[in-house]
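Everything on this sheet refers to the single structure shown next.
Chain nomenclature is as follows: A, B, C, D and E, assigned in order of appearance, with residue numbering initiated at 1 for each chain independently.
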Amino acid sequence: MTRGDLISLLPEMILCGGGIVVLLLDAIAPSLRRGFTALALVTTGAAAWGAWYAWYEAPSDPALSWNGLLETSGVTYALTLVILLATGLCLLASQGYLRREGILSGEYHALLLWCATGLVLMLRATELLTVFLSLELLSLCLYSLAVFHRRIAVASEAAIKYFLMGAFVSAFVLYGIALVFGGTGSTRFAEIGQALAGMPEVPVTVSFGFLLLVAGFGFKMSVVPFHAWSPDTYQGAPSPFVAFLSVAPKVASALVLYRLLDAVVQAGAPNVQVKWSGVVAALAVFSMVVGNLLALVQRDIKRMLAYSGVAHMGYLLLALVTLDRSSLAPVIVYLLAYVLMNAGAFAVVSMLYSRPGEQHLISDLSGWGYRYPLLGGCLAVCMLSLGGIPPTVGFVGKYLVFLNAVGDGLVGLAVLGVLASLIGVFYYLRVVYVLYMQPEERQPEGLLIDFWGRAAAVLAALGTLVLGIWPGGILQWLLETTAAK
Amino acid sequence: MLDLLWLIPILPLAGAALNGMLGRRPPKALVTAIGVGAPLLSLLLALGCLWQYAQGHFPNDYPNTLYAWTAGPLGSSLNIDVAFLLDPLSAVMLFVVTFVGFLIHVYSVGYMGHDPGYRRYFAYLNLFMAMMLLLVLGDNYLVMFVGWEGVGLCSYLLIGFYYEEPFPPYAGKKAFIVNRVGDAAFLIGMFTLIAHFGSLKYADLFPRIAQTPSLVQGEYFAGLSLAGFIALCFFVGAMGKSAQIPLYVWLPDAMAGPTPVSALIHAATMVTAGVYMIARTNVLYQLAPGVSQFVAVIGAATAIFAASIGLAQTDIKKVLAYSTVSQLGYMFLAAGLGAYTAAVFHLGTHAFFKALLFLGSGSVIHAMGCEQDMRQMGGLKKALPQTYWTFLIGCLAIAGIFPFAGFFSKDEILHAAAGRGQWVLYLVGLFTAGLTAFYMFRAFFLTFHGRFRGTHEQEHHLHESPAVMTIPLWILAVGAITSGWVGLPGDLNWLHHFLGHVVRRPAGQGEPAEHHVSAFLLGLIALAVAGAAIYLAYRFYGGDRGLEKGRTWAQRYPAIHRLLANKYYVDEIYDRLIVRPLAFLSGFFWKGVDTRVIDGAIHTGAAATEIAGDVGRLSTTGNVRNYALYFFAGVILLFVWLIL
Amino acid sequence: MSVPISWYLLLAAVMFAIGTVGALTRRNGISIFLSIELMLNAANLTLIAYSRQLAVHTGQIVVLFVMAVAAAEAAVGLALFIAVFRQRHTIDLNRINLMRW
Amino acid sequence: MEMLIFLIFAALALASAVVVVGHRSPVYSTMALVVTLFSMAVLFVVLGAPFIGVLQVLIYTGAIVVLFLFVIMLLNVGREEVQPSGQRAQAVMAILGAVVFGGLVMLAVSGVQAAAFPQLTPEMVSVKGLARELFRDYLLPFEIVGLLLLVAVIGATVAARKPPQVDVSSPDPKESEP
Amino acid sequence: METLLDLLLGNSLTRLVFFPAVACLPLLFFPRGSDRPVKIYVLIVSLIECAFGLQYLLTHLGPDGAFPVVRDLGPGGAKIPWIPGLGIHYDLAMDGISMPLVLLGIFLVPIVLLGSWVGIERHWRAFGAALLLLTTGVLGALLAWDLFLFYIFWEVMLIPMYLLIGVWGGERRIYAAVKFFLYTMAGSLLMLIAILWMAWTFHNLNGGVWSFAYEDMLRLQFPVQQQIWLFAAFALTFAIKVPMFPFHTWLPDAHVEAPTGGSVILAGILLKLGTYGFLRFALPLFPQASEVAQPLLVTLAVIGILYGALVAWVQTDMKKLVAYSSIAHLGFVMLGILSFDLVAWQGALLQMVNHGLSTGALFLLVGMLYDRRHTKKFEEFGGLAKVIPLFAFFLVFSTLASVGLPMLNGFVGEFMILAGSYRALGWPAALSTLGVVLAALYLMKMLQLTIWGPLTKEENRGLRDLTGREIAALVPLCVLMLWIGVAPNPFLKPSLPALDATLAEFRQGLERTEVAEATLAPHPPAPSPTPSLPSGRGGEKSAMAMTGVGR
């Protein structure tokens, strides 16, 4: 352990320490609870600074530390920021919800920060064991947060479903690690790749191990057919937390998936590329089609967003079908876009629905676009962005993904993708027309719309628009960053 | 003066615009001043121009270009000017239109004096004048077409002048649409000219074609040469405007408009535009003998057909309307025979006597309190002496009695038919002449002779029209007598010489072979036929019991009478054959194709998507064990794919 | 006579499959969790066997961590069962389906 | 010798594993799991990982299974009833899937052509070697596990604590949007 | 950024496009329910925009009446980068093809506002904002000289229109709005894929340098087979927008449900983007494929003309009749464009403007009637000329323009289209001429059933005639209709060089030899375009007078 190691771990340490501080304060001075959000936000901000500092101090890009277990690079830095953004949005959206429901306590913030720790670790990890442990770390946090609103039956149901699936999948992931380790003699991605490159043929056990790993992270990303838990969990879990749950794990998992595929396609054996392209393509197609079809028929906005998330991960996978370095920029932009718009949508949802135990019917929002112009506007912007309509960042993301796909010669997949997204447009528009084009059906009751929540919604919507109109800077930066290798 | 040629159509246009913008309740005198003043100025200007033209320019063309309508410096673009042309043909037309038009304006002051739509009426009528002048003065087909459609519009507006009643607007619509059918063909003709000559200017087209007829010969479309195709298109256009078979159906209905309008538009000027067009396009028709023959046959058929319907009409204006159709048929017969001068000649004389007849009938109707049914009239001679005499002059003129105008013009047409050996057409023409004389005098006797058959109130109300109406009648009567004298048979035919410069013989096309037929003999025959017909009419309808006699005849041949009275059921046939199938088809397109097929497909697609979603959502059973199974199955399937 | 590695691996595979069957067929949440423990153990066996084969410690270290993870997972998981039981008085997964479709 | 031990404990492990997944009563399943875990521990020892074997007994059998038993008792989980008809398909599919899956994996691993195990060295077997590698190469995972356990503690309290009986605090009207 | 600000403040296309959007911001600060100030504010904004448009036109209109290619350029006459990493530029340019449509679009906004003055009863702030944003979107799409930018604006204009239909529309507004949105989106997404394909091809052929610039895309030469696919994607998008048979069914629904202002904008300018797209993108980019598809598309255009007219004829709803008439009219425009003939193109471009004017006026009139009677069914009307003569006058006037009566604008366009397409295509144009007859059929029916005949409905007896505001909305339209009809040349001249150049390039493309693989033509020696802001930054002041012709 060197000073460099410690610096490179700065963001995680800040997050983890912030969590501990919050927890201690919760025990010592419960009266300060209303300030925890601010504290956690400060922690998040500090972690962002830490991430920058770690990246800035890193001797090279990418740089490895902790004996080669942890990577510090532009890509991980960017994704760390994306995760911290999701954390921040979630924190902002949570304050009002927790107060409204009377469940404000330090554990929530602590667990959220630790979860972020796990996510950042996972996306930076270059070794399977570290990945696995980070995965478990964040999963445990997620289970606990999902059940955080214990008074509500659906919350515990959501958590138990998520937990059982998660544990089940963990076993698969672990088995996959074992097989990959056994076949290649290492758990480090780089060495695995080298080992595979040296083999005349990829052993079936290794392929299988990779498949289990891909499935495991596909599960975290809720990709069809590993997706089925997400609607139930999203529906039952606390809405502001879903703002986090629905985006952040996907961000980290996507990068792990990239690393996995990156390792496996280094295999020199013929046919491996084709096979794995097929796997990813199948997952992408099923996700796009099934996600959109099932989102189309949902009446509960949270379930709808869950399925739409499935579809979005399908689009995202399009960029990974033919894997190369150029796949990264689209993936990162897409993830950023997805975080902004999805977290924004859930932030608004958490404020506009006051009975978390019941269904969150879209029709309940009828005509509220005029009653709550700010939140309605933010929700509408997020919906349009999810639909991929310019000038929103959702369009930029989709555009890059499709550009990448077309460039890889996957025109058929791209066409399928746009057709599926047409279904998507339909149900996203439903929210918009319910907001603005239908008469009010319901009087608001028991809502708590606070400054923090509004800030979350505005931040997300504004980010969606600004990045949609001026994607140039961030894109330029990403292209330069991801191109370096 | 000549350089003010463009003002001739503009003045009435300005009049229309002024009257149109006068506001709700302008002083009537002002309306009259504008409404009649504009045509008067036009007339004076036209006379001046004609004088100057005859002095200085004849027989050359006098073009007067206003501005470029469409233009481009590039070869492939279209160059069309808004320009006017004074040549012998347009000179004749100009005179007829401004002169008759002005008289009818004057007449209208009296006739329409009490109508609440007085201002509107004059605005429309002035607009019509402008458009008609545009039509005859244009130096290319486009300007002609602008006027052509413009007069159609005015016709529409004026037929539907009494818009609060149900029928007139309907009649106007019918006129407009039927005209449009012809106009579409006219357009196609123009497009063909543009496509092959890149120009619509008479001065570009005709010399070129006349010099090298090979340009337009040779098969072009469905057995027609290029000339034939264009000529046919133009003729179909003319059919619409000039109410020839099969597009004549609108004209009888057009009588729903005010009577002066019928006189001006539907007798004297607008409906003759088709004849003018064919005369204008004579070079092409000469190069398309087949189409010319077709024109002649259609003309003859229309002439006899309409005349036969005229026999059974009881509405005085309808009689005149069918007679107009019939006379137009005459003109086309002439045009088709290549006797363009004769056609234009008959056009001119017809303008006078038919306007006279219509205005006379207007006077009668005016006196009868808007009664148009001849069965309610009779014996009006006493009450309306001036109308009686002028109407008689008109009848004699149309019947072709020497020395009235109709005799000369009709005779020239019959002479042309005989001279070209078209004996069938000649006989048809001759027979039609007899029919014409018969039904005109039938109307004359029924109206003015016998005893009065209207209500007591009407009888009490009978009065001669004011001077503002009778003076135009007399002037026209003079025209109806004398206008034929410009075309005396033989070398004395001044008009023939005058117009001869317009009829351009194409190169290699000799003078048509003339059979030497004695003009004198033919004239005599025609006169005899007309005289006999008048006598017959007198025998039938001359006395008090004219109506009963007619009825007896009708009862003797009920089928024929019904056929004639119902105008051969042509309207009904059109309705069944064209309008209804088209409406059915449209309804099918709307409810069937649009709603069922296209929207149906879209909705089915949407519904199928939704059903797919609804089925798919059943997979999320809520039981987490199933979810685990999906995961497992997914892993297995992907594994199978990987190792296969 | 020494046992070839593939035997261990086969044993682990069978164990894993048995665990999967249990996880998929049992209705009682705790039984499912037990089956998952079986699956984890199968993976552990694979790791140890490979570790032996490759003569490295990595596999053993992984197993070491997995045990900690299993313990942590058990703690949270069983707490979740308690939470669910409080609300629904059952941990029969066929009956925990308030949310579906 | 090794073969004999392997066969005995493999058979034991499999048999008890079948009991774990097959027995209706969770208590029996748990007890069978103890047997499986113990057999595994033996195999670990045979495979030259005595430390792991010991830990297996201590942690798994000693701690985790007890936790299970404790919760089973607490929740008073009874015997499972027979599968309701609707979920029979699930069972059939699951078994079918597992057979296919197991078959495929077995096919795969039986294809692992490897030389006989290398000779065990003291370095390999000793805890010292393990520890050196653990604290040198795998320090970061070790730290992570520390946090993981903390999370587990907090998470378990969050999940299992009685729900707070506070009423829904009435929202501050001032903060609602107009 | 600084460049953009300069452009926004100067007499530039940027100002033209974004002024309405920027002017939306103050709307946020109007208090709720302050309808009247909002109306007046938006009206003033739209009038200022009109002034900007005119200023721009007059600044750049050449002495010979031709409009050059004018472009918004950055410092040193360089294009302004937008997303540099992907070679996407903020590239606005105006030429003779887009100029009339841009001005039409600007011109219609105040008229729409006047026409919506009382018809729109709720949410005026949002209405004003939607209208202004729509203007921005439409102008942007018309002026974008970069395919990416074009696509962005193309989609951007959907949302305000969606809201216009959906929020202020009639009974089935949501159905109509969603149908409109999805139809348009369906096409445009495929176009997006095609654009991406082209961009990639360019990228690969050009040594890894990205570009979406229009002139760069023009240099791409694809094998015919590929062209056909690409063309199909573009053509589908535009055909839906036009709309051509059989993609037209969204239009009647959208029109019937949309508020008056929405209909006017939709018919007036949105539909033109489809035809504009053909003229600007689909044909020049894929000439050979256009030739292959010509028979099919011409057939569809002719069907559209006849079909639209026939279906219009049997409508019972006034607005629906006008909507179907739009399909017929745009069929003419498409026929003109597809005949690849200069005269037809001139006519088509003019007809786009004409349709905007006359159909816009008709929709306004229907809306005015609707404001009074809250119905659009023919059976409720009849004999209205008696009670509201001014209305009748304007209705007759606009109808006649729509019928294509000479001396009014519709005729000029139709005549040139048909004349041009007849010489290029022959019988399809002849067949389309029947559409002229049918136009008379259905429009005369409309007059017959509304204003002529006896006044049968008691409710109509007390109708108020047009107010000054309504007349103010209609008169400019009618004046333009008459002006174009009588003297179309000033309206044709500005576009002629651009059309001619485009056609020449298209013809060149047609004659190109078949390539086996996509290739990149060298830069054509094109004259540099005039910069919007000649002073200082652009530099090439002298270029202004020189670039009369071509791009």
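In this text, a contact is a pair of C-beta atoms (placed from the backbone, for glycine too) under 8 Å apart; a residue touches a chain by one contact, two chains touch by 3 or more.
All figures in this text were calculated on a predicted structure; none of them were measured in a lab.
Listing every chain that touches subunit B and subunit D alike gives A, C. Common neighbours of subunit C and subunit E under the contact rule above are A, B.
Among the chain pairings, C-D comes first (most C-beta pairs in contact). Taking each chain's centre as the mean of its C-alpha atoms, the one that lies farthest from the centre of subunit C is B.
Between subunit B and subunit C, the centres computed from C-alpha atoms are 97 Å apart. One finds 38 Å separating the Cα centroids of subunit B and subunit E.
In whole angstrom, the spacing between the mean C-alpha positions of subunit A and subunit C is 26.
We define each chain's centre as the mean of its Cα atoms; on that basis subunit D and subunit E are separated by 67 Å. Multi-chain contact residues of subunit D (touching two or more other chains) are listed as 87, 90, 93-94, 97-98, 101, 104-105, 108-109, 112, 138, 141, 145, 148, 151-152, 155-159, 162-163. Residue positions of subunit C touching 2 or more other chains: 9, 12, 16, 19-20, 23-25, 27, 32-33, 44, 49, 53, 58, 61, 65, 69, 72-73, 76, 80-81, 83, 86, 91, 93-94, 96-100.
With touch defined as above, residues shared between interfaces to two or more other chains in subunit B number as follows: 617, 620, 622-626, 628-629, 632-633, 635, 639, 643.
Applying the touch definition to every pair of chains gives A-B, A-C, A-D, A-E, B-C, B-D, B-E, C-D. Partner subunit B is touched in their complex by these residues of subunit C: 20, 23-25, 27, 32, 93-94, 96-101. On the side of subunit A, the complex with subunit C involves touching residues 129, 132-133, 136, 140, 143-144, 147, 150, 153-154, 156-161, 163-164, 167-168, 170-172, 174-175, 177-179, 181-182, 185-187, 205, 231-232, 235-236. By the touch criterion given at the top, residues 81-86, 88, 123, 151-152, 155-156, 158-159, 162-163, 166-167, 173-174, 177-178, 181-182, 185-186, 189-190, 192-193, 196-197, 199-200, 203 of subunit E touch subunit A in their complex. Contact residues on subunit E toward subunit B in their complex (touch as defined above): 179, 246, 248-249, 252, 307, 310-311, 313-315, 341-343, 346, 383, 385-386, 400, 405-407, 411-412, 415-416, 418-420, 422-423, 429-430, 433-434, 436-437, 440-441, 444-445, 447-448, 451-455, 487-489, 492-493, 496, 500.
Those residues of subunit B lying in contact with subunit E across their complex are 67-74, 76-78, 82, 142, 145-146, 148-150, 153, 156, 160, 163-166, 169-170, 172-173, 176-177, 180-181, 183-184, 187-188, 190-192, 194-196, 582-583, 585-587, 589-590, 593-594, 598-599, 602.
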